[in-house]
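Please read the structure below before turning to the comments.
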Amino acid sequence: MNHMSYRRRNWRQTVNTFMLGLTAICTMMVVAPLVWILAYVVRQGLPALSLTLLTQLPTPVGVAGGGIANALVGSAMTVGLGLLIAAPVGILAGIYAAMYPNTVLGTSVRFGTDVISGVPSIVMGIFAYTLIVLPQRHFSALSGGIVLSFIMVPTLIRATEEMIRLVPSSLREGSLALGAAEWRTSFSVIVPAAVNGLVTGMMLAIARAAGEAAPMLFTAFGNPFMNTDFGQPVATLPHMIFVYAVSPYNDWHAKAWATALVLITLVLLLNILARLIVWQRARVLGSLK
Amino acid sequence: MQPAIRLQSAATRNASLERDQTLKMSTEALCVLYHDFRAISDVNLPIYAQKITAIIGPSGCGKSTLIRALNRMNDLVHGSRAEGQVYLDGKPLYENNVDVVDVRRRIGMVFQRPNPFPKSIYDNVAYGPRLHGLRRRRDLDDLVEQSLQKAALWGEVKDKLHQSGLSLSGGQQQRLCIARAIAVQPEVILMDEPAAALDPISTLRIEELMHDIVKEYTIVIVTHNMQQAARVSDFTAMMMIDDHRAGSVIEFDATNTIFTNPRDKRTEDYVTGRFG
Amino acid sequence: MLRKTFDHEIQQAKDDMLVLGSMVEQAIVESVEALKKRDLQASEKILAGDRAINKKRFSIESQLMVLIATQQPMAHDLRLLASILEIISELERMGDYAKGIGNINIRMGNEPLLKPLIDVPRMAQKGADMLHRALTAFVNEDVQTARRIPVEDDEVDALYNQVYRELMTFVINDPTTIERANWLLWTAHNLERFADRVTNICERTVFVATGELTEINDTDSEFWKQK
């Protein structure tokens, strides 16, 4: 190479290194707070984490011990109910939006999804309060489940639509060419092909809903005792964090951190699981392309 | 401009050859339009029973559109419309009271890229029959075995029927798709460039398979590989686009004639590779 | 234009065929000249020349095989290449006729001719001329000319008839001349067959141009029915 090329190459390499460094710094700026939060939660919460915490009911003020068993059950109830309502609606709507994207209904579904996912969850809570709690005259796990379903539906629709879109159109053609009707094709070929992705979508929705505290204030309301009746108020994990955190007691603060740790761990696990499934599924379907 | 071929023109060459054939399908002044764009125009194509008819022509001349019009797969394209008529055993297919699902059962299709379902090999082949009401395990087993035998795939998969259809090689996947199509017991099998995505050996396997099954089915194949059309088909239709970018059939004849002494200069230019 | 290389190679094959044709034309005329002049050395050269003709024919044939295998000729190209294969085979046999005449000359050795050769050289000239025009018509795909040339075969047949009668007269008058008469008759026979083969070449011209494979002017049987 002549000396001109050397100069050019050096310049190129300098710019390269500089840009690489810049992007690395930006990445770290984004990741650092996340790591910091996680580390902080782990540090604060791990000491208070114990089997007792997970299996016992809360104790009254001043009494040591106690746990969040009722919150675990309550979260399971509300999220479970939410999923039960949101899953059929979300998945079917997602299928429709994916298969008929250019129709009025299809575009409305997508537009509606965007709008709903932009509504603050506390507003959802107030909405459910007005719609369900007031007429019923008491807080309940039922209303908690319903509000969570509102929150989960956009996630489910979005995830379903994307997973269905991932399925190659050649599968649809293949089924139709065998003499199958459209609905048959959807349910016998396309949905099964996308089913792992749908499960992923559900996990993502659960992860989101499990962490919603604000709507719970207006619906499930919290309950110091174990409760399995949907018609009654029930404790949930995010709600317990709030209650413990704003209290003036130190050991309750510790419990708040521990509960936060439990919640974050659950959400993290669900997210990781969801991503693994999507990656694996895309690889398998990718062999069709 | 060359006029489109009419069925009556069988009186010119090879009249005796075409006289001995039964007409399984035919098109009459068939046009396919996408919104306002006329993709194919005024096609009159005979498809003879238990014979292989090839459709050849340069890229973009409407071959795929034509073959898809035969089993109404074009209906799935938003904005497409057909004019003229397609007949199966003398009965029109583009009519309001026609059951499209049944049409597609009687006229099967194999696509360019193998598209097995992400199900087991068994379920892939059994999908069609189950769709049309066959439920008994024993009957399904027999039908699956028969179809895989006809597709020359049974020997290779009989011990792994439960494995995913996607675990097979490209050539095997395409034969699986053929078995799947055969399983619904169609009368006509349409093949849209079935070997385009395959290696030469798999291609020859598929061609041999076509020779074996043509005794029971009528086959129409679209191919851009002229040598394949020459090797495999009994009749060949040559398509070309006109000045308005609509495709039409400019010549139809016995394959031997098309490749040794075609009538139309454009056909001659195309088969000798001097087109363009 | 697509397939420039292929077209170039087809042109080459045609040119080689023409070269082979002119070798054969030359051979038939010279072989009769040598016989007329009793030039034994010239006849030896004819024999050597025949080996060159055979070699050339095989070389063209292998070129064409390669072309057919690698270029997948169709329609007109296919008819053309198949016809050239057929024609060079005919040319090779026509070359053998010239060789046969050369052999006859050498066999006769120092014996004098039975009679001065007049009709026989005319047959040779006519045959060579017909061949030349037939090959030209082939490369030009001139169907009209190709259909007319076979008619001239009648002239050659008439000349053969005449030679036959003359020689028979000789033999009847003087049976000792039978050997020399035989040789001359054989020479004339070769030339008559030479002209017949030109007809095959003309049939090929029609085939390449139109795709029809038929016999032209099948008047030979008429000839043999006359006495």
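In order of appearance the chains are A, B and C, and numbering begins at 1 in each one.
Going forward, a contact is a pair of C-beta atoms (placed from the backbone, for glycine too) under 8 Å apart; a residue touches a chain by one contact, two chains touch by 3 or more.
Keep in mind it's a predicted model, so treat the numbers as computed, not measured.
On a Cα centroid basis, the chain most remote from chain B in this structure is C. Of all chains shown, B has the CA centroid lying nearest to the centroid of every protein CA atom.
Across the structure, the highest number of inter-chain C-beta contacts is found for A-B.
Centre to centre, using the average C-alpha position, chain A and chain C are separated by 93 Å.
For this pair, chain A with chain B, the centres built from the Cα atoms lie 48 Å apart.
Chain B and chain C have centres, each the mean of its CA atoms, that are 51 Å apart.
Here chain C touches chain B in the complex through residues 1-3, 6, 72-79, 211, going by the rule given at the top. The part of chain B that touches chain C in the complex is made up of residues 226-227, 230, 259-262, 268, 271-276. Looking at the complex, you find that chain A touches chain B at residues 102, 168, 170-171, 173-181, 184, 188-189, 192-193, 284-285, 287-288. Of all residues in chain B, those touching chain A in their complex are 71, 73, 76, 78, 101-105, 108-109, 111, 113, 115-119, 127-128, 131-132, 166, 177, 180-181, 184.
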